[in-house]
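As structure tokens, here come the structures.
Across the two complexes that follow, chain A remains constant while its partner is chain B and subsequently chain C.
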Partner chain A sequence: MRLFGLSFKVIKTLFTTQYAYMLEYRVEIALWALSGVLPFIMFSLWSQNDVGNSFGLNDIGLARYFLSAFLVRQFSVVWVVFSFEEDSLSGRLSPYLLQPLHPLLRYVSAHLAEQATRLPFAIVITIFFFLFNPSSFWIPSLSQLFLAYLATHLAFSIAFLLQSLVASLCFWTEKSSALERLIFVPYLFLSGLLVPLSAFPEKVLMFANFTPFPYLINFPAKILSGMPVDLLNGFFYQILWITILLPSVNTLWKLGVRRYTAMGA
Partner chain B sequence: MKRYLKTIKLFWSTAFAAQLEYQLNFLIELLAMLGTLSGSIFILSLFFSDGRQLGDWSWEAALVIQGVYTFLDGLTNTLLRPNLTEIVNYVREGTLDYVLLKPIDSQFWLSIKKFSFAGIPEIILGLGIVFWSAIRTGINLSIYNTLAFFVSLFIGFVILYSIWFLIAASSIWFVKTWNATEVLRALLAAGRYPITAYPVILRFIFTLLLPVAFLTTFPAEAVLGELKFFIILFGLALSTFFFVLSRQFWIYALKHYTSASS
Partner chain C sequence: MQDNPRELIRVDHLSKFYRVADKQPGFRGTLSHFFNRRTYNVPAVTDISFNIFAGEIVGFLGANGAGKTTLLKMMCGLIHPSNGFVDVGGFLPQRRQTAFLKKITLVMGQKQQLIWDLPPMDSLYVNAAVYGLSDEVTRKRINELADMLELGEELTRPVRKLSLGQRMKSELLAALLHHPSVLFLDEPTLGLDVNAQARVRSFLAEYNKRTGATIILTSHYMADITALCPRVICIHNGSLFYDGDLDSLANSLAPSKEVRVELKKSYSPDQFVNYGEIQELNDRFVCLLVSRTKLTQVVSKLLSDFSVIDLEISDPPIDKLIGDLFLKGVVR
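After this line comes the complex of A and B, so read on.
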């Protein structure tokens, strides 16, 4: 069986080495998990100020939404542009390019291994959240859990491809991570990390839906928290964005590699 | 003292020359800043839909807080982030040795060496928003209020610097602490909104444990003429405490510095 042209053995080796590597830095990953507290800060604000009703959400719904947003973010966080920039500037990319393995797939496996390492920390934070907000406790049904898992994975894929697009610009400029901010800013405000998108005025919502960002947090979080959601529409747009981004990354990457001059060589 | 001023001048002029090489960065920073600001003001406006208020703060008063936050964020981007995030690298690569050998205070060198000019528009814009919205609330801006505002801004900045430096200094033991500063940055984002808008437990945490209130809410109250005098005094004491702590901690940390690969 081969996946993306890789044999099962290669995939397994990639994951086990990356997982072992990530396990070495558990504290670091715990801190990364903690740095995602923003949805909780926003939750305390929205619920304290009784704004939830105007989103069509009561306090319990609001709590569930933000916990779900936190969890979705934990498992769709992407940092490929930063690793890639470092590898590219320090010349580590050269040996990677020589190997019969697409360098981006190496980063994919690193991200997935990191997600596996994050899982226990995410569970601990979830338990604490329920201790402070016991009334919001819920167990999603198996089908909800599965669909949310799928949507989160697709969200991760979109985020990864978006950032790879920026990372590919490393071939042209030394500071492509600065460009990442131009993706991060709209992501922050349009993804639903700070507020459920149902709170947006209609025109802003329409605009947001034309961007990939609502499908990164808002859509999976709604599934997980059990809010009414248009599944077909959501998955359709997620897949649409992937089909747009995948060939773009591929093309840009190929153009970039041709220009690659091996920093420091 | 004169020597230190001269050193700052030299540091920043070389920093300026180095950054001219990346002119596009200015544009990117500017775009990112404008995007962040309009996004935050949009989110803030959602709190005020249906004629609500945010923790007893009117719309204009809450905008003052956004202005203070923008100002501090600009200062963070020009000074704190470029300098303090480097400390981890110096420790990891062992180049801290060279810093320690220099005939100048190491904390000074580490805190002031770099200067990112791309953050300056944010500082100016932040101040602009503060005064523009303060005047729109209908208060008259007295000299006393303006003075109290700048004093409390200074207090806020010193507290922010000291906490950040404390965390960065702990890299002497833990080496990889730059994600600890990410946790700090995430928590500081709470400063975008008035402290009274938070639940009571968080209000307590954000005033005494992690003094976010001193960073944005109190300076905003100062310019609006609502800040009690004893809070300024308390802030002066608190910022002195944090600064001395960061200083002492750095001296203590250096005793444990063993350099890399030796």
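After this line comes the complex of A and C, so read on.
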């Protein structure tokens, strides 16, 4: 059975090919993994000023949260808008549009392959983190690991769909990556990447919970670090956002592709 | 739906307009472009109609910007027409239904679908999976097409390390792996050297012969058209101005033939006046432009009236004729 041209064989072949492609760029990926250390910078900032207590977290809790945020970010980072924009403007999108496979699925496979390539670098960085912060060492339970894995993949799906929605605007604006900045700023503040959401005032928190951003980092990171979290509420909102975004992307794509002019091809 | 069972493609009053922004040069122009952007419609293809039968090889001819590629893009479903419609084998191309996509392929000489940093073989296996080919069929088809294209170990070398000719042949292999019955080729020999061009041409002719595939081709190289396309469609400024066989086009563009005669001794120009228009007269050599209708008569008279060593009859080069035509902008 095929959905949007997808079968197990297509998934397997796309993934292995994209993984081989990503391995060609392992140094670049190592640098990208290193460039994702923003949560560690935030950790050192908050722990030195001893403000962690005001978030309801001690130094160990803060360290575990930011390490978890780093790991979640490694496996939910999305760059589809930039690749799509380049392919669209250069005409590389044209052959993809004429094959019986939805072009966005190629980008999904590229992201998943990149995540697999990032894995060893993320492990090495985690080991170093524990070497420098031995007191924060912990081993999550199997159920915690499973739920965090699930929440991270759902977070990736939301982020991918959100950026695909912006990427589809390429059919109208040609430079939709500029619009991505509009998402990036609230993402930075409301996802929990800079600070755990518990640090925000009640009203901001209430507002944030109605956006998709807390479910991208804060929710999976809390599960992984063992912080108290409303699992039912978190997974409900993750699935709700996917349910909203998936048909939106599909509709925008269908409308946009009618305007495609195959520039550069 | 097509009326004639052999009719595969029907293009009916097809038009395409592109919306383009107008920007004047300089700082003032930039400001005005930013605050008060003006756009207008540029017609790329205007009211074109024709039919193509299954198994035909048809060449699109036209100067740069004539509308050939836009027409090709509409026929393969890459872009939506502004007016009119295209029917390819019972499908509306712009709907891009899976059954339609499995029947066609598009090869663009200046664009590639192969993954740049990996060997072509990786891209071939991706295509095979996407088109639902079994491993056995994939291997068989790769071997078959690689033989026809004279490709071997190039398939396991990174694409970036291949020559332009090897890349193009690999592109063709990737594009034909699913055995499409309609090929849309946009400048498939662009940038290739003479030998590589000839190999691509002979491959396409062989593919058409073996599979009965329909081939629609645009090219700037007249050699591609003369070698492959018995039928040509000429487009000028977005409009169709000739649809027919290449020989008739040559005849209508050049109603005369060149007759080149090597003589045993020198003659004066006056002696050739009644035979044709003198193109060149040089000691014991004369080149005459003779009307096609009088050709047989003139040649036999030349042979009987002069001491001839050698005589050669040829058409003026078709690329020169068509080039002149596009330069003049003469629309028939």
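The rule we apply is simple: the second predicted complex is superposed on the first by the 259 of 265 C-alpha atoms of A that agree within 3 Å, B and C clash if a C-alpha of one lies under 4 Å from a C-alpha of the other, contacts with A are read in each partner's own complex, and residues count from 1 in each chain.
Definition applied: contacts are C-beta pairs under 8 Å (C-beta built on N, C-alpha and C of every residue); 3 or more make two chains touch, one makes a residue touch a chain.
Every value quoted in this text rests on a predicted model; they were computed, and no experiment measured them.
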Which superposed partner A:Ser143 touches (first chain B, second chain C, both, neither): neither
Which superposed partner A:Ser135 touches (first chain B, second chain C, both, neither): neither
Which partner does A:Thr243 contact after superposing on A: first (chain B), second (chain C), both, neither? neither
First (chain B), second (chain C), both or neither: which does A:Lys9 touch? second
Touch check for A:Trp32: first (chain B), second (chain C), both, or neither? first
Intersected contact list for chain A, partners chain B and chain C 25
Residue positions on chain C within touch of chain A in the complex are 18, 73, 76-80, 94, 96, 98, 101-102, 104-106, 108, 110-111, 113, 115, 117-118, 122-123, 125-132
Using the touch rule from the top, collect the residues of chain A that touch chain B in their complex. 25, 27-28, 31-32, 34-38, 41, 44-45, 47-51, 54, 173, 175, 178-179, 181-182, 184-186, 188-189, 194-195, 199-200, 204
Contact residues on chain A for chain C in the complex? 2, 5, 7, 9-10, 12-14, 17, 20-21, 24-25, 91-92, 94-101, 258-262, 264-265
Residue ranges of chain B touching chain A (in the complex, touch as defined): 22, 24-25, 28-29, 31-32, 35-36, 39-40, 42-43, 46-47, 49-50, 52, 54-55, 174, 176, 179-180, 182-183, 185-187, 189-190, 193, 197-199, 202
